[in-house]
Amino acid sequence: MKRWTLALAATMISAAALAQKSASDGIAEYRAMLADGNPAELFEAKGEDLWKQKRGPKNASLEQCDLGKGPGVVKGAFVELPRHFADTNKVQDLESRLVTCMETLQGFNGAEIAKTAYGRGEQANVTALATWIAAESRGLKFNLPNSHQQEKVMYEVGKRLFFMRSGTHDFSCASCHGEDGKRIRLQDLPNLTKNPGDGIGFAAWPAYRVSNGQMWSMQLRLNDCYRQQRFPYPLFGSDATIALGAYMGVNAKGAENIAPAIKR
Amino acid sequence: MQTRRETLKQSAVVAGLLASAGLIPQQAAAYEKVAFDAKTAADVTKALGAGAPVESKDVTIGGPDIAENGAVVPLTASTTLAGVKRVLILVEKNPAAMVAMFNVTDAVEANFATRAKMGQSSDVYAVAIMNDGKAFFAKKEVKVTLGGCGG
Amino acid sequence: MADPMRIRAQAAGDKATVRVLMSHEMESGQRKDSAGKVVPAWFIQDVSASLNGKVVMTAEWGPAVSKNPFMQFVVKGAKAGDKIAVTWKDNKGDSRTDEATVS
Amino acid sequence: MKKQTQLLIAAGVAAVVLVAGCSSMPSSAELDKLSQDVAKASFRDQGQAKVDRLVLDDANLECMKADVAGQPIAEPVAKAIEAANFASIKWPAGGQYIGDWKEGEKIAQSGRGMTWTDAAGSENGGNCYNCHQISKEEISFGTLGPSLYNYGKMRGVANPYAPESAAIVQYTWGKIWNSRAYNACSQMPRAGHKGILTEQQVKHIMALLLDPKSPVNQ
């Protein structure tokens, strides 16, 4: 069969390449037009406000939240997450860490937040907070510590889950994100088994989704990947999603963060 | 750079100012419902009391050739003509053609941008309505592609 | 109460380019919910902008303006330090005004 | 539930550390086991997408191991997977392979079905354009799979019912029904085998690819 495919590919290349070039140029032009005036800014502003506002049963702000670089340090925190936290003795991503802070500092019920649907109630606030915190590391390069034993274990678990083919369609993350230069329909697919480049893949989320006008966090990004992979529903802040974050984050070492980005 | 709290504080003040100037109620009364329900460019200009639109190189419509997603299509409309009263942005194949209408004053350029929803590939129009009731337009085609994964 | 707008106004020469993002659903009135019922239209109808308190532009929008709307316009004679205020009002009567300083 | 999953890694690390001795990494096999435990604790049922979808068959388990190791799957393992999957192919009754290409085009366009947001029992799409170029008219196609434009024409299928076309017709059916029958770790979904497409739908896809009148072969 290999030979058939090659012969077919060779004769097809000229015509298809021409038609595709203009289409992808057109789409690049469209994306450039949207980049100026990204509605993610609206969520960024909301997130900054939420961070500083006294809220929750304890009527406290999040300004003492430790995102990995010490209490209250926001700049640079995003590009080093997920990482291990001594107080919880867990590897946490940005969103699960924010829920920990909302629980310990503000007195919210973390388990309730985790169960809340994306875009609703406190879950929407977690997304806005994550959007602002990501924006505070705009232009910085990803550099996860990956030195603690649990961080290394999470990376290895994440790698295995990345390649786990399952569901009705036998899809793994790698089915779409395991090779360079591939597309679904007209959407370019980043190769997430390595550093896919500045502002691509892990370095682009949270992102504003043009298609539905929603702000999507990395947890929701992964959730919808799993939906389309025909997997069951990944729990918010579950170890599987954090392990995948660790895998993609470590792989993205050196990639410049552009989050919050704007996406299809 | 303004913080959000400052913005909030000023919001109430400015709203009060605009209201006392009688601006907000006036606008609400003037909403051009018939024009916003019209199906074609000609019907839109008619509803606005202007003549049938004529193509003009002095009117410009800007937008992508291909929109990756019809939910958000960036469009700009502008004109270099003197004596312009309104600038409209239309999408021909939408359920109602008119997306937005900008009223021009001496203090702004006749050059506006917004983003429109498009249900399908269509011609998009910039229409300039002049003080004397004449209407001029420019159009271009925008292709809307399918989203990925069908879901 | 609706979330605040983001207004950026940047002077260049004797004019300023104003970019505005608004937080609004802009429900088209064409969409059906999961039960098959049409979701009623809910959208910003009226927009106005002022420079130092004087109205410079008004606009009327239909439901085909995208969710979380973006708008750009150019104000003549605006310079750094001037105040640009933008107000929107939707078809349910909700409204919001925010202000920014030209930079 | 959440607490439980979050403790798992810490517990998992502690357990393997105890076994393996202080501060050395767990073995690859221990990590395999831990990964499966993490998966089990991290997902829940939603709509038709139940957690039993996480159970890996031999083909998926072996391909995952090879992918993690970054090596091609061992030849004998591959042969065994291909043989088992080939044996599962259901061939159409009465040798009727070809349906209606127009229906096939619709199925190829649709990426719907079997997610937790799809109604159980609703008709599934084939997802074909997500990965393949098929007809020339559709410019929104993916590149994860090879182009299928001119699929039948290229292979000299002038009449899909003729005996000289039988080999390619049968191969095409088998590939759509169960791609792993020919390539142990193919990334293509097993449309027939996994019940994604019905026998009738597969016939329509066959027509799209092989019918000389189909836009694919123009």
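Quick notes on this structure:
Letters A, B, C and D mark the chains in the order given here, with residues in each chain numbered from 1 onward.
Note that contacts are C-beta pairs under 8 Å (C-beta built on N, C-alpha and C of every residue); 3 or more make two chains touch, one makes a residue touch a chain.
Because the structure is a prediction, the values reported are computed rather than measured.
If each chain is reduced to the average of its C-alpha atoms, the one that sits nearest the average of all protein C-alpha atoms is A.
The interface holding more C-beta pairs in contact, when A-D is weighed against A-B, is A-D.
The centroid of the Cα atoms in chain A and the matching centroid in chain D are 25 Å apart. Look at where the CA atoms of chain B average out and do the same for chain D: the two points lie 47 Å apart. Chain centres here are Cα means. That of chain A falls 35 Å from that of chain B. The set of chain D residues touching two or more other chains comprises 115, 117, 127, 130, 139-140, 142. Among the residues of chain B, those touching two or more other chains are numbered 4, 71-72, 74, 115, 145-146, 148-149, 151.
Shared interface positions of chain A, defined as residues touching 2 or more other chains, are 23, 45, 184-186, 213, 227-228. Put simply, chain C touches chain B in their complex at residues 4, 15, 26, 28, 30, 45-46, 48-51, 53-67, 69-77, 85, 87, 89, 95-101, 103. Residue ranges on chain A touching chain B, taken from their complex, read 23, 26-27, 29-31, 33-34, 45, 48-49, 184-187, 210-213, 227-228, 264.
On the chain A side of its complex with chain C, the touching residues are 36-37, 39, 41-42, 45-46, 208, 213.
Residue ranges on chain B touching chain A, taken from their complex, read 4-5, 63-69, 71-72, 74, 115, 143, 145-149, 151. Across the interface of their complex, chain D is touched by residues 1, 4-5, 7-9, 11-12, 15-16, 19-20, 23, 88-91, 110-111, 114, 149-150, 152-154, 156-157, 159-161, 163-172, 174-176, 178, 181-186, 189, 226-228, 230-235, 237-241, 243 of chain A.
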